[in-house]
Amino acid sequence: MPAYAYFPGCSLEASAKEFDTSFRAVFDKIGVGLKEIPDWSCCGSSQVHKVDKDVATAIAGRNLVLASDIGDIVAPCAFCSISLKEAIIKLEHEGPIRSTLIEAGLEYLPGSVSVISAVEATYRAVEEGLIDGKVQSPLTGLKVAAYYGCLLVRPPKIAQFDDPENPSSMERIMVAVGAAPVDWSHKTECCGNAYIFVNKDMTLNLVRDVLNAAIEANADAVVTACPLCQQNLAMRQPHMKQNYGLKREIPVLYFTQLMGAAMNIDGQQLGLSGNIVRLINKRQQEAKEVG
Amino acid sequence: MVENPKFKIIGFFCNWCSYAGADLAGNLRLTYPADLRIARIPCTGRMDPLFALKALLEGADGVMVSG
Amino acid sequence: MDKLELQLRAKAIELLEEGEVSIIIGWGPGWNSTKATPVFARDGETAEKLIFNPFCFNNLSVYLPRISEKTAIIAKPCDAGSIVALLAEGKISRDNLYIIGVACQGIVDPVKLEAAVGSIDDATAACLEGDNIVVEIDGEAKQVSFAEVALDRCMSCNQQNNVFSDVMVGEPVQPVVGEARSVVPEDAGAAWWRGFWSKEFDRCIRCYACREACPACYCRDNCAVQALRERWTGPRLDAQEALMFHAQRAMHVAGRCIECGACERACPVGIPLTLLHEQVGKAVKKLFNFNVGEKVDERPPLETFRKEELESGH
Amino acid sequence: MGASVQLRSIDMDLKKEIERLSGQKLDACYLCGKCSAGCPVAPYQDIPPHVVMRMAQWGSKKVLGSKMIWNCASCGTCYTRCPNNIDVARVCGALSQISRREGLVADKVAATLREKFVESVKNNGRVHELSLVVAMKMASRDYLGDLDIGIPMFLKGKFPLFGHKIKDLNNFQKLFDSKKKGDK
Amino acid sequence: MARVGVFICHCGANIAGKVDVEAVSEAAINIPGVVYSSHQKYSCSEAGQKVIIDAIKENRLDRVVIGSCSPKMHENTFRKTVQQAGLNSYMLEIANLREHVSWVTADKDEATKKAMDLVKAAVGKVSFAKPLTPGQVPVEKRALVIGGGIAGIQAALDIADMGYEVVMVEREPSIGGRMAQLDKTFPTLDCSACILSPRMVDVAQHPNIRLLTYSEVENVNGYVGNFNVIIRKKARFVDERICTGCLECMGKCPLKKKIPNEFENGRAPRGAIYVPFAQAVPKVPVIDKEYCRYLLSPDPDKVEVKEGEKKPKRKCGVCAKVCTQGAVDFNQQDELISEKFGAIVLATGFNLFDHSKYGEYGAGKIPDVITALDFERIVNSSGPTEGKIVRPSNGEKPKRVVFIQCVGSRDEAKGVPYCSRICCMYTAKQAILVREKLPDAEIYVFYMDIRAAGKGYEEFVLRAQREYGANYVRGRVSRIYESNGHMVLKAADTLVGMPVEMDDVDLVVLATGSIAREDSVELANTIGITTDNHGFISEVHPKLRPVEVPREGVFACGACLSPRDIPDAVATAGAVAAKVGVLFSNDILMSDPMVAEIDPLKCAACGACVSVCPYSAITMEEFRGKKFAKVNEAMCQGCGTCSAACRPGAAQLKGQTDEQILRSIEAVLQW
């Protein structure tokens, strides 16, 4: 059984728990092992690299070293995966940072490990046919807007995955579980992520634009692969409908949650609300009636 | 600037680029240490590596090939 | 009588009788049994002298560029490598050549042997018995492990049975297992090498035996070191002029030298020339990813011109 | 009122410092504005990214007091589309570092977020989201906003009260000294 | 023993101001072989030259060293000087005491020492010089012009008008090139076809020009004055000699609306038998064998037929049936033509940047985002929309038209770093054309810088802005996406320093930059010349020899050298014609004597020189059973690579022999 070194990241331990549980459940179902990196630490992304990029590289490097005994890393959070990927590129050339690591008892060997995001890992699994036969109740008729946000495919030199302007891997995954991805304009626009505390108005404007674009494209739900995007897009919809011109509320889910639903994984494990389950059933029913 | 000991450096310069470049340096009156003695060769393809060895064995402090 | 030698002779006689070739180049017994000597057989009688054993250290391919008739040559893996290199340079013609390959488990280093058993010039008998070399000197049989006295190069060789040939004679062999005894310290830098070579080359008497033994050195009388007009090297007999000469030879065989060690064994004053050629060889391998003696249709990297080179500038 | 920028001399020290910290070549920018055009946060800022770049090219200290350098979301849009391969987010990051050092922070809340985040990482090895949220609420003085969201999340167990401390914290904290090495 | 004379030039104060010329001159007399030494104010002056000539005669000098300015300045002058004194002109060496010493050295003593070394090196080198004589090569006075765009047309006509024969090779079925695709030309707004067509006809009718369309150059051998070229004339399947150009066949082709027409940038269809456009020259159709049903159906004579089965018939063949002349010939084969030429002219033109690399602009998938070339066809009255400007998505008139400049140009990340030079102008022109056809449309132009350096160009751009109401916004667009059947643009106005957004955009025209033809490197390899790293043909000297390329006898003009507009393409074409004329005014060419020679007695026949020669000028010969290498002096460019590769020293570059170089090294270090 193929296995990855699993790097959940801080968010998946807390606010994005359902991403963690649904991702583990789906990979368990398709028979790909995930071994959590022992004693992993912060990936160095988001804020740390702005304060000191060398420190960010060093603390990302720590995780790389810890994982190198296990195998290639899968890091579901887009911030984590891009941060670890960048560290790999930097550590190639940064001797001093490697020495710092050695002083902390960690020897990094360039080329010893690689990093992919949850979408990449899933995309590979789909391409390799690992989900064949696992989709017991395909999400027929469910129109989804695949939302990549920024860091999943950007910057291309670091992400090295999919098209940075018009990615399609999540769509491919959604098709594999029977859903119908919509073509829409805002799949890689930034949602404003952590700036909700700093400039709430700005963030909500950005979120509104993304959601309205999905609504305009007639999507039933938005699927994401980033904990910050999911929270940002999902959380303040009633408020935005009142004050920011959001056209209607729309569910925002992790792509693994929908995959799990298609694979008949227990809703509890996926963290899916009853509303979503009912919506999926309704679409499946409609599709059946149409024929 | 640190006091420079004097060297003899033999330069093998391609007629079409570097030799002309060295001419240009002159036209622009750029100054550089007098250690370099440039030999004009028609192309760096003409440069037999043994010329460099020969120069070093004959006492050159350095050899510069440019083209 | 060794089964391999019988087969060699039979094959040689067959080729001569059928008129496949007019001359066979191989090894025969030398003036004592620790030395083999080249044999050029045009008839069955001479062919009956052919032998092959770990004392056959000459690289016979050195003779090929000088012979234009149809030739058969007995080749161990090193020799075959040189033959491939010569073919790649178009210096010899495959049509005129018949290669009788022999597997080789290693060649005895005369210097090591002498150190182990004493003056081998006085040997009355010598042979390989199992894993040991047995030499009889002054009626006394002295025994030494083959691994002790084989050439350093044979320790790291993995071509024992992989011989570029028309026919293989004899059985596949197991390589000799031992450790190379390099005199080069691991951290040898430029200064070490400078000291080392100036000491070694100080002994050079410029006899050119290294050149004559080298299959890649086929310019013969036109060799650049003898060029009167150019005077690459001066007439002085000192380490500096010798260095120029050997460096020139090393440059000329760069990317063409199979590192067989024939030059070193031919040297009357024992200069370890293989070390020089290995150093250059490593650089060529690294820069051009080129292995000498591997392909008959690829010219040596230092004498090829690629269009990319033209495009990258003047 | 004396607000014009003196162009006579470029502050090479500041410019070099920005280039060192960001790893970007400032003069590669020819100010086409594509970064500003695609930047999701630019419409809400005092100056857009290309103006940040221009000021950085001058080595103008004025840029250190800009909000933009604190509010860059690091989304990579500018870098992805920049015709000259400049990572503007890195330049903003470098500028905000210098701005903090010089005490010219224009967006205190953003600076607090950064500080608290790094503090949380350094003390625990990971980020404890709840304490970060609480700290941010204090900093922004928006004590009650988003309680409608926060409380249900808390109840769902999404905000565990206590953060997870990594075991090898001692060695982990050594990594924060890497900078001094790099400087040498 | 050589008798060398040394002459040190003061060059006024240029050399003497830094170098102690007297000391150098005095020291020179002690260099082995030197029998005479003097110094003078200006060696290159008439008086100075006379001193040299007299000294040579009086002192029976056989070799001369002049310490003066760079040999690039006066080597030729002094060669003539020593020749006047009765010496071979190659018995001269120049020590570069000005550019390499006096002008670049601060300290006087050091400059003097360095000057002495350089004089020694020159003496060392000249002491072993041998007299050289130039070779002679006859000139084949015919020119090959590759490419039938406006540059090729102009060059061919000019050369032909001088009375020389020209063969023009064009790979498309018709000549005309890019210019034929354009609607109007800036800044005069002339109709492009109206000014081009007469030139095309001139080519077809010129008695000195032979036109080979639908043909490509396969191989080029030889050297200046004597090129051997092999041209592949692709099967046209229509006999040019018989066809009258009635084009009856075209109308009957069942595929006539099925195949995208390259000439229309794929925006209008053509048939399998077609002429690309109405004014095509020659007006003879070709049959596209990739599509033609007849040619794709199996040949009955080659199909195995089982017993009882009928032999299959070939499909279609309608064109052959309707042709009253019987010009359609399905059995035609590609033809290889071998011709001799004295000169080759490259005029292979350019391509346009493929904007599918710009994912942010829809990667070429948004129908209403079109390229400028698309626009040229759309706005052209013989184009796919008969000149009506419409949105490709729905055929409606656009109300808001946006032009974006620098797409691919000046973009190191996704495109090319250079400026394409023509986009600012054609965008202004297209904005004017929009205004003329759609008086109510809003026009926006997003630009970075306006580059309008040409006669009447700046005025033209200002007219587009002032009289035609094109709104110019300074900033690069970051993204285009579709929304509600229109497009949304995210941009910035860098002059006010803020992001701007524009929605309800109906049509976006991208000013895609000029790039080299995709096969330009391959063609350059065929001809044995070089390209720059963008694939444009490299010239010998961008300023002083702008239409010559580094292979003698080969010239280039038009946009294959670099992006350029029509006037510049035509001007370079004229320049090329002049250069060809100069070449053809000689019956015999003198070749540079500083070429390689191989001593057959020393040659070890290893073939290294053959393998390393960048100009394929060395071949292996055999004489009485001995092989040796031989240099074709006319092809040798004197680079000396063979000399460096030759182990026994058989290959020697004349004037730069191993002996000369070794002695000059020794001279500097030992003498």
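For clarity, chains are labelled A, B, C, D and E in written order, and residue numbers in each chain start from 1.
We take it that a contact is a pair of C-beta atoms (placed from the backbone, for glycine too) under 8 Å apart; a residue touches a chain by one contact, two chains touch by 3 or more.
Source: prediction; values computed, not measured.
Hopping across touching chains, the smallest step count from subunit A to subunit C is 2. In summary, the chains found to touch both subunit A and subunit B are E. With centres computed as the average of Cα coordinates, no chain lies farther from subunit B than A.
Taking the mean of C-alpha positions as each chain's centre, the chain lying farthest from the centre of subunit C is D.
With each centre defined as the average position of its C-alpha atoms, the distance from subunit B to subunit C rounds to 40 Å. Inter-chain centre distance (subunit A to subunit E, centres taken as mean C-alpha positions): 51 Å. Work out the mean CA point of subunit A and of subunit D, and you get 23 Å between them.
As a whole-number value, the distance joining the C-alpha centres of subunit C and subunit D reads 67 Å.
Within subunit E, the positions touching two or more other chains are listed as 360, 612, 614, 641, 658, 662. Residue numbers of subunit C whose C-beta contacts span two or more other chains: 232. Multi-chain contact residues of subunit D (touching two or more other chains): 77, 80.
Of all possible chain pairs, those that touch are A-D, A-E, B-C, B-E, C-E, D-E.
Considering their complex, residues 30-39, 42-43, 47-48, 50-51, 77, 80-85 of subunit D touch subunit E.
Across the interface of their complex, subunit B is touched by residues 232, 240, 243-244, 247-248, 251, 313-314 of subunit C. Subunit A contributes residues 10-11, 13-17, 39-42, 46-55, 57-59, 61-62, 94, 96-97, 99-101, 103-106, 149-151, 154-156, 164-165, 188-190, 192-195, 197-202, 205-206, 235-236 to its touches with subunit D in the complex.
Contacts from subunit D toward subunit A in the complex involve residues 21, 23, 40-41, 44, 70-71, 73-77, 79-80, 87, 90, 92-93, 96-97, 107, 109-110, 113-114, 117-118, 121, 125-130, 133, 136-137, 139-140, 142, 145-146, 149, 153, 156-160, 164, 166-168, 171-172, 174-179, 181-182, 184. Looking at the complex, you find that subunit E touches subunit A at residues 358-360, 363, 481-484, 488.
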